[in-house]
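Following this line, the structures themselves.
Look at the two complexes coming up: chain A is in both, with chain B in one and chain C in the other.
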Partner chain A sequence: MAMMSTKRLQKELAELNGVKGTPPTGISLLSADNLASWRLELQVLGESLYQGETFAVEFRFGSRYPIESPAVVFVVNDKYKAPVHPHVYSNGLICASILGNEWSPVLSVSAVCLTLQSMLASCKEKKLPDGNDAFVKTAPLDPKKVRFVYDDDTV
Partner chain B sequence: MVSMSTPTPTSTAPDPTPTGGAVGHAAQSLTGQEDKDKVASMLPRSETPGVPGDENQLSEHDLYQLAQQLKDEEANKRPLISSAEPLSALREEYTNGTGNFLEKIEWLMSQGWRGLRRTRGDGDCFYRSLAYAYVERLLFADDQDLAVASTKSILEAKLKVLEQVGFEKLAYEDFYDAFVEVIDLIVKPNQHGRKLDANGLLEFFQTPELSNSAVFFLKLVTSAQMRSEPALYEGFLMNPDTGDPMGVKEFCERFVEAAGKEADDPMISALTSALSVPVNVAYLSNAGFSDSSHKVNFVEFQSEGTGLSGAEPITLLYRPGHYDILEKRADDLETRPDRK
Partner chain C sequence: MKVVVKDWHSVAHWRWATGKDKDKEVTATGGADDEEDEDDLCGICRVPFEGCCPNCKVPGDDCPLSRSMWCSGLLACAERFTFVPPVHGKCTHIFHMHCLLKWIESAAAKGLCPMDRRPWETADR
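Our next item is the complex of A and B:
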């Protein structure tokens, strides 16, 4: 019963690859070989601490998307690093309530990317989250297996 | 029920990002002893291999996994929405209870209420109950064609509101299509020549993908209604965790549009008015002025629209933290075995 999810992802894909509609500025599709996992490149527009940097975000969708949130991480490999940000762990895991208990199907891949852009754009100091090293050593790579506490409404 | 993912905001800021929300840090540990105790007390000791006598020896990760597992099992025990059962079955549950619930249930029965249709306690119970009752009411309407046509025109008009408040079309159109499709089936036979009947309706609402489509369509309609008339709701919105007042947009993003967030009076009133359907909520609780009486306090959420002529309002039964559907119809009850 993943009809809904397929239908929705196909529409989102058509928008992101420019077949129907236009992807948001600063966001471009890197790969979407199937409807289970996509990668997008993301730049922060305008003046920010991340000017000139390019990041990649990976989305993984379950069969219950969009009722359930996608798993979203910054890609960390030879080419890409996670942004240095108080709410992004150096292994790429992101702590944002919209990806967890405040996920809503009204959000789309574009909307999530826009939120990430905005989160980075408003950053005032490039620093890693508290306890980054300890967390990264033991953290599962699947963000859905981590319980986050969302305690900062100011970003 | 253990909630393992409660956000712990320390402050509320006005609308910082396009989609609101909050950010924070990863917590690999549970919040405190209280949670551990709750989880530990839920563990069936004899059936939990490797659980030592002292629950404090369980790793944080184990506790989290177990809590999730218990939550899932609990959720799976009950269908998203059940067949109606006689109200007397609910009374049985309270025979040894405290308070005057027993008398109140008997009072409901004396007023002609026959059945209870339970919804799963997953946080979406209000919207699911309402969605079900909303369609069921069309199914039993005297003039189905008229009822379906007027309902569809109301729902169609909501699409404009959803668009006006800025939702992406792709984010709501599939939910709308699924919901309208089941309503259409009341009057238009499907490819097999069959129209919707009570069993078909139940099946629709027990199928997660379809049931959740109806739930989310109504949640988005609720949000759009509040966002389009913020002045009506502004003074009544607060963060349910902290009690701090909140603006309409942020409140809607975090507590209406998100999954599994309970509906409260402002949402009920917004949805009632958006759908032009009167909703009565029977409060089966010990709180309030009706405490000493054996009557049940009904709160009427009236809409401005005329609604369906001659149709009864939708009536929901509220017990602290949960909504089910109250029914007067009895045909369903006598032909079905009791289900718990």
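Our next item is the complex of A and C:
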């Protein structure tokens, strides 16, 4: 199994590096020192509430990728903040069905980034998720340990 | 000047007929087309259908699914190629047999096709 994840991640990395193919616009690789954890910078293209803002997302891959979904969070540190969005908690955790029960092994790092870009682009109001403060106080930092309920299809 | 042929090797190029690249099969006979097309790759592992299962080092003996013979050259033994062909779904999507089984066996799959999330049904070929 590990072989499958290694081979696929190497291919994806070559694409994101621009070694083979071109990375999607608005997405650039910040770091990928190994095949377990990558960081990418993400910008929302076109007119949106997030124009001019730059975010960073962190991907963590298990040995069962792509059969199992990667753990994806927005980076929150001195340099980056999580976008203010009804599906993104201020600690960076993302509530998106494709990262949970709608994951498919044909999805990829760039496909997830594109989904996050379009999720932000279609946002009508910058608003934190309901119950953000309470969630952030108690939530584990590993999104895989959170059971999200996907009840809002509007953004 | 005379040319004497001392030795010759015949080389055959093969690919699975996935039904997606009919035109290409005709034009690619020159063998110059090395570009990987998305259509020729298994969507799960991104390896060409002609390649071996990603967990196998060589197509053949090491692959528990295929029990096939890895033949190094001569056309004469071409019939011994018994690689497991890619698996086709009734939804027309195609994957390596190995890759699809891995997905379908996982709880996250819920028995759905990775491409269109419809219940996976293997097509008779």
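The rule is simple: the second predicted complex is superposed on the first by the 154 of 155 C-alpha atoms of A that agree within 3 Å, B and C clash if a C-alpha of one lies under 4 Å from a C-alpha of the other, contacts with A are read in each partner's own complex, and residues count from 1 in each chain.
Note that in this section a residue touches a chain if its C-beta (ideal position, glycine included) is under 8 Å from a C-beta of that chain, and two chains touch if they have at least 3 such contacts.
Owing to the predicted nature of the structure, the values given are computational and were not obtained by experimental measurement.
**Student:** Put the two structures on top of each other at chain A: do chain B and chain C fit, or clash?
**Tutor:** clash
**Student:** Given the superposition on chain A, which partner contacts more residues in chain A: chain B or chain C?
**Tutor:** Of chain B and chain C, the partner in contact with more residues of chain A is B.
**Student:** For A:P105, decide between first (touching chain B), second (touching chain C), both and neither.
**Tutor:** So A:P105 meets both chain B and chain C here.
**Student:** After superposition on the shared chain, which partner residues are touched by A:K11: those of chain B (first), chain C (second), both, or neither?
**Tutor:** After superposing on A, A:K11 lies in contact with both chain B and chain C.
**Student:** Given the touch rule stated above, what does A:M3 touch, chain B (first), chain C (second), both, or neither?
**Tutor:** Both: A:M3 reaches chain B and chain C.
**Student:** Does chain B (first) or chain C (second) touch A:T138, or do both, or does neither?
**Tutor:** A:T138 sits against chain B, while chain C stays out of touch.
**Student:** Regarding the shared-chain residue A:P66, is it in contact with chain B (first), chain C (second), both, or neither?
**Tutor:** both
**Student:** Contacts for A:L93 in the overlay, against chain B (first) and chain C (second): which applies, first, second, both or neither?
**Tutor:** After superposition on chain A, A:L93 lies in contact with chain B alone.
**Student:** Please work out whether A:V19 is in contact with chain B alone, chain C alone, both, or neither, and reply first, second, both or neither.
**Tutor:** A:V19 contacts neither chain B nor chain C.
**Student:** Kindly list the residues of chain A that each of chain B and chain C touches, one partner per complex.
**Tutor:** Comparing the two interfaces on chain A, one with chain B and one with chain C, the shared residues are 1, 3-4, 7-8, 11-12, 64, 66-68, 101-106.
**Student:** Which residues of chain B touch chain A once you look at their complex with the stated criterion?
**Tutor:** Contact set of chain B toward chain A: 4-13, 16-28, 31, 64, 167-168, 170-172, 174-175, 178, 207-209, 212-213, 216, 220, 223, 253-254, 257-260.
**Student:** Looking at the complex, which residues from chain A come into contact with chain B?
**Tutor:** Residue list for chain A touching chain B: 1, 3-4, 7-8, 11-12, 15, 64, 66-68, 86-87, 89, 93, 95-98, 100-108, 110-111, 114-115, 118-119, 122, 129-131, 135, 138-139, 146-155.
**Student:** Inside the complex, what are the residues of chain C that reach chain A?
**Tutor:** 43-47, 54-55, 99, 102-103, 106, 108, 114-115, 117
**Student:** Enumerate the contact residues on chain A facing chain C in the complex.
**Tutor:** 1, 3-4, 7-8, 11-12, 64, 66-69, 101-106
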